[in-house]
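Notes follow the structure.
Labels run A, B and C following the written order; every chain starts at residue 1.
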Amino acid sequence: MLRLENLVKTYRTGDQALKGVHLEVPQGQVLALIGPSGAGKSTLIRCINRLVEPSSGKVWLGETELTTLRSGALRRERRRMGMIFQEYALVERLTVMENVLSGRLGYVGFWRSFIRRYPQSDMDEAFRLLDRVGLLDMADKRADELSGGQRQRVGICRALIQDPALLLVDEPTASLDPKTSRQIMRLICELCRERGLAAIINIHDVALAQMFVQRVIGLRTGEIAFDGSPEGLTADVLTRIYGEEDWHATIEKVEEDEAEVPA
Amino acid sequence: MPVNSLSDGRKAWQRRNRVQTFSQWAMWLIGTAVFVYCWQHISDATTWFFVWDAPKIADDILTRAMPPRWSYIDQLWDPIWDTLNIATLGTMIALALAVPVAFLAARNTTPSALLIRPIALLIIVATRSINSLIWALLLIAIIGPGVFAGIIAIAIRSIGFCAKLLYEAIEEIDATQVEAITATGASRWQVMAYGIVPQILPSFAGTAVFRWDINIRESTVLGLVGAGGIGLQLSSSLNTLAWPQVSLILLIILVAVIVSEWVSAKVRGAII
Amino acid sequence: MSDELAAVLGKRWRRPPLIRRRWLRWALGVGFLVYFIAAVSSVEVNWSRVYEGLDRGAAFILAFATPDFASRATDIWEGMLESLVMTVAASVVGIAISIPIGLGAARNIAPLPVYLVCRFIVAISRALQEIIVAILLVAIFGFGPLAGFLTLSFATIGFLSKLLAEDIEAMDRSQAEAIKASGARWLQWINYGVQPQVMPRLIGLSMYRVDINFRESAILGLVGAGGIGATLNTAFDRYEYDTAAAILIIIIVIVMALEYLSGIIRARVQ
């Protein structure tokens, strides 16, 4: 469904963030992208929907090649890729409902969006999604009145109302406490399963990643250093991705956690 | 190197080394010389005979100006209304023009950093560095005296001020919010309306009220050069040496300034 | 499907209004509209005069392309010099006076009587427009740059003292207390505990005020208080747009240079 071919990104400073990444994501697969800071995880995700222009290589979303699209066509393809951000990236001075509806911007004209006259079906969908994540009574609140976990739920609604085929998720839990982190990860993975969405989730927390996803990609200095199931993440593999460290505690902790958390 | 060797080989702490001390003294010397020169220049251009007489003149003016001629206020309502309009309408026109200029001048929204941004910045600096009285003089020469010239003068003067504050606010916005809106597939204008405008709205409102407050002050004196408002009455009262009227007008200006400052502080408090 | 959800499905969502009370919203809206119409209709515009003026306006804009620095060179030179002289002298004196007044107007270091006196001076200076002060001072001291110099000094005091006082009131208490605890005298305390904290901002604000003083000095000549304003006024009166354009260009360039300079100085002290 998504296919990256030899994707390269070199920043103007000369830093090579991605050095020829090949990756194929089938329909409905949720995969975690792990790796040290500066490995190019964020760049990789942003190169897919071209918030960052890739230097060379190809990005295939279904039958469409994205890197050569002009702005109008790119906008149409962006609607198929919902994005969820680290610091939620809600427009803080708008209401929760406006933030959710802003996911439909690619579908409505400027004037309709400007006077907030979205089609009734969009509004109903927004209400349903807010209800699904448990924030229906917050619809009229301003986004900056919400807690971190609530904001991230709104961010999820905004991505889902786009009716995407793919979710790009950038460190969804980095600013959340451990309990909320798990709830958010669980919510994202549940929603992907319900709707058959593929997802690429950038994540720092290896243990959390192992808990929820079917496939893990390890990125190191712009190259894929590991691609496999979460069980394959041994101390050796983690050393290859992150460098030398005593990894046993991390791995053991995961095993205990998994025993605790009912699937 | 703040630690120097004394003659007997011990070290002594000093705040600055010798070169720094020297350049410090040189700076002070040059500064003092410049100031003395400036003072000399002013002094040469002054008739000191009048200056020694100043206390007596000041006393004389004060006794003549007191008490203010209260009945004169009947002739002042119209000019006060004009003054208010000059400030308000001028501010509104200025804001309407300052918004596009600010978007063209901000690094993150300008369509072309090489060509259009310098032009926008030039508009900002040119309108900002020239006082509204000078703009008024110019406009009176072009379109004749009156309230309209005053409105336009205030508007032009305020463009640069408002645009500068606005474009600084635009450059400080949170880029990830804009990114998030872009990622939904929104068009350029939608990104503007959803990602940027909500973020700068508070500083826009703050700037508007702040500038309105300043413009009330400025519009009170525009009449001195013939651009309408209460300054016209001030000017004619001064020319006829009608000091009781002058003192009444000054009192009204003082009240207007205090009221406008109070209003703008209230509104800004309510917004932020 | 929850009841809550069932209740809202199919309904239009509207953004909650900024002002929740309906009557207030309407009153403000209608009130503003009425004011706006009244204001616009009370402005008398002589459109034929404006139309005639368009030619002159175009001539003036064109004059910026061909500014005439030469034909009134001595007037321009003397006026500019006088403006700069007034700016420098008034800034120096104004800054020097505003430091003690600023200290006095800060509630956390000055006793109440001093505080009230200083605040009163600041309020008076801020409430009076430069040009009005200049008119009064010209009436008292006669024509010439002395009146302008005094005007700008007086305005500088109001501006700087207020900001300095606010800065001192907002400073970090613990640093100042540490100096006090070492047994310093009042002046030593100011020198070691207060000055280092407010100095960078004071320098920045002073530079900003120099910039403002120069801009203001350009209009003081209109009321006879010295500087380039008189020359400029004459140029407009005689419709000598190319000379006026030359003067305005010089003003803009000097303001830009001052802003650039103050940028450098501020970067160095911070």
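Observations on the structure shown:
In this text, contacts are C-beta pairs under 8 Å (C-beta built on N, C-alpha and C of every residue); 3 or more make two chains touch, one makes a residue touch a chain.
Keep in mind that this is a model prediction, so the values were computed, not measured.
Contact topology of the protein chains: fully connected, every pair of chains touching.
Note on interfaces A-C and A-B: more C-beta pairs are in contact across A-B.
One finds 4 Å separating the Cα centroids of chain B and chain C. A separation of 48 Å divides the Cα centre of chain A from that of chain B. Counting only residues that touch two or more partner chains, chain A has 98. Of all residues in chain C, only 35, 39-40, 42-46, 49-50, 53, 56-57, 60, 81-82, 85-86, 88-89, 92, 127-129, 131-132, 135-136, 139-142, 144-146, 149, 215-216, 218-219, 222-223, 226, 229, 232-233, 236-237, 239, 244, 248, 251-252, 255-256, 259 touch chain B in the complex they form. Residues of chain A that touch chain C in their complex: 95, 97-98, 101, 116, 118, 120, 123-124, 126-128, 131, 136-137, 139-140. By the touch rule above, chain B contacts chain A in their complex via residues 174, 176-177, 179-187, 189-190, 193-195, 198-199, 201-202.
Within the complex formed with chain A, the chain C residues making contact are 1-2, 4-5, 8-16.
Residue ranges on chain B touching chain C, taken from their complex, read 34-35, 37-39, 41-43, 45-47, 50-51, 54, 57-58, 61, 81-82, 84-85, 88-89, 125-126, 128-131, 133-134, 137-138, 140-144, 146-148, 151, 217-218, 220-221, 224-225, 234, 238, 250, 253-254, 257-258.
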